[in-house]
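Note that chain A is present in both complexes that follow, paired respectively with chain B and with chain C.
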Partner chain A sequence: MLSITGMSVCYDGLPAVDRVSLDVGDGEIVALVGESGCGKTSLARALLGLLPGSAEVTGSAMLGDDDLARRTDWAGVRGRKIAIVPQGAMTGLSPVHKVGAQIEEMLTLHGGRARPGELLDRVGLGAEHLTCHPHELSGGQRQRVAIALALAGEPSLLVADEPTTGLDAIVQRQVLALLASLGIGMLIVSHDLAALAPHADRVAVMYAGRLAEDRPKGAPPRHPYTLGLLTATPATDRSIPWGSVPGSAPPLGQARPGCRFAPRCPLALDPCHDVDPPLVDGLACHHPGAPVYPVVPRSTPSAGTAAATLTGIRHTYRRRGVQALKGVDLEVRSGEIVGLVGESGSGKSTLARIALGLIKPTAGRVVVDGEELTGRTGKALRLLQRRIGFVHQDPYDSLHPGMRVGALVAEPLVVAGTPGDREEKVLAALEAAGLPCEREFLRRFPGQLSGGQRQRVSIARALAGEPVLLIADEATSMLDVSTRAGIATTLRSLASGRGLAVVFVTHDLGEAVQACDRIVVLRSGEIVEHGPAADLAAAPAHPYTQELLK
Partner chain B sequence: MRRILEYGAVVVIALLLNFLLPRALPGGPMKLFGSPEALSRLTEAERAQIAQQYGFGRPLPEQFADYLTGVFTLDLGTSLSDGRPVAEAIGEALPWTLLLVGTSIVITCVLGVALGVLGALRRRRGGGAGLLGTAIVLDSLPAFWLGMLLIVVFGVQLNVLPTYGAGTLAHLVLPVTTLVVTGLGYFFLYTRSSMLTVLTSEPVQHAHARGVPYGRLVRRHALRPALLPVHTIVLMEIGFLAGGSIVIETVFAYPGLGRLTFGAISARDYPLMQGAFLVLTLMVVAMNAIADATYPLLDPRARQ
Partner chain C sequence: MRALGRQGRTGLALLAVITAAAVYGLLLPDSAGTARIGEPYAPPGPGLPLGADDLGRSLLDQLLVGAATSLGLGFLVALVVTALAAVIGGAAAIGPRWLSSLIMRSIDVMLILPELILFILAAAFLGQSFGIRVAILVVLMWPVPARVLRAGMLTAWSRGHLEVARAMGAPRWWLLLRHGSYLIGPLLIPVFVRAAMRAILYDATLSFLGLGDPTAPSWGTTLYWVQVNGVFLSEAWVWWALPPGLAITLSVLALALIGTAVEERLNPALKEVPA
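What follows is the complex of A and B.
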């Protein structure tokens, strides 16, 4: 039904999508998988003419006898023949119109015959939601509304761009199951290979603008990059190791000749660096095989002293009247990594902020390194806070873009007034965080680094103050899948090497199972289950944990 | 309920300032009672007697208590300069000001918002750049200068329009024009930037991706969210202007609140100043209250 042939998308002459050919059959679900910057979103948006004016599309994309790559007038096509559930659809609904009116608009515009209630029913929502405004719905419900809007025009092809990003794990599964059940031709664009694979009839993997692999459901993955993506997805089974693909994808226009993946591929041989492998039999690779990727080392239980103890923590956000924490106890010992797992609204971020002394708990005590943190203010609080390192979720916003790496990492030393040679300490911190221990690196700006490198700079900055406790708040969630395990490996080496106590906050139970010694599962401000990672993964006691582990 | 208390607190603090600020000005109302030479011949006792008689010689807390009682019993006292009740003076001036300000704010608002939307939609074309440049120039024009220019051209040289006073429609033309021209830029720039933000926001981009045609996209998806902040600034602007435009009313000798306030300040006429400030305070607070109360009607997210 949709046949893409040799399609390229160039921005100012630099190819983001490079000669990609891909078919979507009638009623077929094709997953287009890749990491950020691989060109998957450019390809998807080119199909609907949604690229900015600076983009140039070549090749063809035949939908029936209509070449989408040449189209300039999209009336009667967009929303009617081909519809999209855009990226971040949850925040893309009109805030001032009711759900019913928004669906009505789509039906009128695109000549849909269904009634609004029927459409909502099709996406698994009751007709009572027609009179709601989007802000009254949960993220998952809004995603369903966005899908209903796309279905209104009865398109023959649906493009879903990252339809699960930003949703909780359980809701993600529900949304994917919904999409798979619709029975229309679909191109689902996502970074999450493991989640999509069971639902897709075919999986196409993109890397640096090129199609690496295109295989039907059930066929074994063969491309080293695909295998890398799979090992980089943390399994909830501890017997399956969690690996990472070292390095990062080339920035736009800086891909070298030959196989794009060769610089990161453990199997690459000479021809890989010179000759671009053509897509033959659904695979673009000179040397398919099973590459060995570095994996997160298994931990040995430690018996250090308590680095931080939180007792009876309660917190109520008084303005909103939300009880975020309802009596939580947590102890972190030196040398161990404790996973704090929960979905959005579970209170995990509030708990992390309380441990950092950023907010005062309504009740309860926080003891860090043997000294009480709660009740301290001003300078006394700041002195104790220096013993806690913090790595923020967003490596793009948490580093000042105008400061060089050297200055960023040295900041805790400057703040503490540490005398002596700071550069040596900075270099040591960089090395501990897995970054090049070079003077040249100190002069770089965050803008010149990849996401993984930035997050490592953030870790190095936290380490420079020589903390006893490190709090990593969703430190991997904004990174590319292939580099996440690398961060976890670094945290592990810090825990076992320096006896650092680490709190690893995450919404992904798989990551916690793989990276942590002990796991604490939070839900609605209460601990529903806690215990050693191996036990919890093997035999979850609470139904909620079981649901997360599915 | 909480809102009402907050507004109450604002009014009380404003009342206190309205009372204190006039008295903090250098000089005093004594100069109303004669030339400096005549005043200098008065003895201390005579001065004190005058001050006592007209109420400005007593201790401040006592005066403030009187003032508060006056405000709540709607007795604003008597003007020191001409002996008229303050309420009467304000009552005469207020309708003129409301006429002037009302007319100009309606025109400014409609023109400014319409051009602002247009400026945002045409931002990449010549017309948009021209509008933007003109708006910035207009926004930085001093009102008194433009007013005097208009008087010279239309009143003196062409002699087609009255240049002072009020009474007929023709009297309104020049002051309204001045207010509109100098106020237009603000509304234009505000609307334009708000519209630009909304046009690139996710809801509008996504509606575009769903195949909503351009005209409908602008009218139905962009306009209302873009006008939400404009609604607030329009109401606040009305509040400020309702206190009278001191500069415009003085330049055109227009018998409104602005000129009354100007006269009261020059003469250190405490009761009249307090009265004029009271009107301004109440207008600003009332307009804020209206903005607060009507905003949820436009934005469902602000509803409880």
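What follows is the complex of A and C.
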């Protein structure tokens, strides 16, 4: 039905999508997978002519007799033959119109014959939702409405760009199952290979603008990058190792000749660096095989003394009247990694900020390194805070853009007024965080680093003050899949090597199972289950944990 | 310069021309614009490019000296207002809760007062010297920018690197100087430009109403004499009323262009989508 041949998308002459050919058959679901910056969204948007004016599209994309790549007049095509559920669609609904009115508008615009109620029924919502405003619906329901809007013009092909981003794990599965059940041709763009694989009829993997692999459902993955992506997705089974692909994807226009993946591929030989492999039989690789990627090491828990103890923590946000935490106890011992798992709104970030002394809890005690943190203010609080390291969720916002790496990592030392040779300590911290221990690196700005490197700088900064406790708040959530396990490996080496107590806050139970010694599952401000990671993964006691582990 | 776009560069060029005129005006002897050098109501001619007013004073000299007064006052007021707004807005954002509510409620009160009437009353009672006019303008103009800067400070305070710095036990002055200044600094430029723009307009208004210093030439004062002498009934308005009016309009336009360009540069979301 859709046949893309040799399509390239260039921004200012630099190719973001490079000679990609891909077919989507009638009623076929094709998953287009890759990490951020691999060109998958550019390709999807090029199909609907939604790229900015600076983009230049070459090649062809035939939908029936229409060449979408050359089209300039989209009337009667966009929305009727090909429709899109754009990235972040659920936040793009009009806040002032009822769901019914928004669907009516789409039906009128695209001449759809269905009734609004039928469309909602098709996406698993009831007719009673027609009179709702978007703010009355949950994230998953809003995403369903966004899908209903795209279906209004009865398109024969639906493009869904990251349809599960921003949703909780359980809802993500429901939305993907819904998309798979619609029965129309679909191109789903996503970074999450493991979640899509069960639903897709075909999986196409992109890397640095090139198609690496295009295989039908059931066929084993063969490209080293696909295998890397799979091992980088944490399984909730401790017997399956969690690996990472070293290095990072090349920025736009800096790809080298030869196989794009060669610089990161463990199997690369000389021809890989010189000759661009053509896509033959659904695979673009000179040396397919079983690559060995570094995995997160397992360790036997050797719990030391308590580094932090939180007892009876309650917190109510006064402004909103939300009870974020309803009596939570948590103990972290030196040398162990405790996973704090919960969906959005479970109170995990509030708990982390209470442990950091950033939020005063309504009730409860926090003891860090044998001294009580709660109740302290001013200088006394600041002195104790210096014994806790903090790795922020967002590596793009947590590093001062105007400070060099050297100054960033030295900041805790400067703030604490630590005497002695700061540069030596900074270099030691960089090395412990898995970064190059070079003076040249100290002079770089955050803007010159990749996401993974930024997060490692953030870890190095947290280490510089020689803390007893490290709190990593969703430290991997904004990184590319291939680099997440690397961060977890670094945290593990810090825990076992330095005896650091680590609190690993995450929304992904799989990550916690893989990386932590003990897991605490939070839901609506209460602990529903806690215990050693291996036991919890093997035999979850609470139905909520069972649902998360599915 | 290039980053400001065509609009911003036009504004900068205009402002540069007006500033050059103001500097030239400063260099003129003290008697310029106040001494009688021609026939009263003289039309433009040799030695008097813009003619003379009812007392035979050169209108061109008045325009140039007035430029120095208006721009000087505008920039001085803007400087003080920006500094004051930064301090008060910053205190409202990160100070204790009681201080914050006190400041915010005072700003609310200031905002509902009719500015121009207050300004006229204050000028009428307190006098017309340059210093007093600056002081009155500052007192009337700080609330709006203080609110803007408070909002900016609150946004900055929730940024990741500030949160990390707070968690590492950094004192407030460190947060402010190392992290806050970097985020707040760029916001001060549009605040400054807007304050200068409004100060120039208000001062001209006051002088026009006869509440300025009638002996010191300024654009507003010239317009006041235009009104008193009924210049609009003759053709003299072309060289008497038009130049100071145009000067005020162009200064405000230049500042507005610069302000918009800087704001667009700082916040690309404000930029209009090219058709």
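The rule is simple: the second predicted complex is superposed on the first by the 550 of 550 C-alpha atoms of A that agree within 3 Å, B and C clash if a C-alpha of one lies under 4 Å from a C-alpha of the other, contacts with A are read in each partner's own complex, and residues count from 1 in each chain.
Definition applied: a residue touches a chain if its C-beta (ideal position, glycine included) is under 8 Å from a C-beta of that chain, and two chains touch if they have at least 3 such contacts.
Keep in mind that this is a model prediction, so the values were computed, not measured.
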item: Clash or fit (per the criteria above) of chain B with chain C on chain A; value: clash
item: First (chain B), second (chain C), both or neither touched by A:E411; value: second
item: Chain B versus chain C as contact partner of A:H133, first or second or both or neither; value: first
item: Which superposed partner A:L50 touches (first chain B, second chain C, both, neither); value: first
item: First (chain B), second (chain C), both or neither touched by A:G347; value: neither
item: Chain B versus chain C as contact partner of A:M106, first or second or both or neither; value: first
item: First (chain B), second (chain C), both or neither touched by A:P540; value: neither
item: First (chain B), second (chain C), both or neither touched by A:P163; value: neither
item: First (chain B), second (chain C), both or neither touched by A:G34; value: neither
item: Which superposed partner A:I388 touches (first chain B, second chain C, both, neither); value: second
item: Sites on chain A touched by chain B in the complex; value: 48, 50, 74-75, 77-80, 83-84, 86, 88-89, 91-98, 105-106, 109-110, 133, 135, 146, 149-150, 153
item: Partner chain C, residues of chain A touching it in the complex; value: 356-358, 379, 381-386, 388-390, 392-394, 397-402, 411-412, 415-416, 458, 461, 465
item: In the complex, chain C residues that touch chain A; value: 159-161, 163-171, 174, 178-179, 182
item: Parts of chain B lying in touch with chain A, wherever the complex brings them together; value: 202-203, 205-213, 216, 220-221, 224-225, 298-301
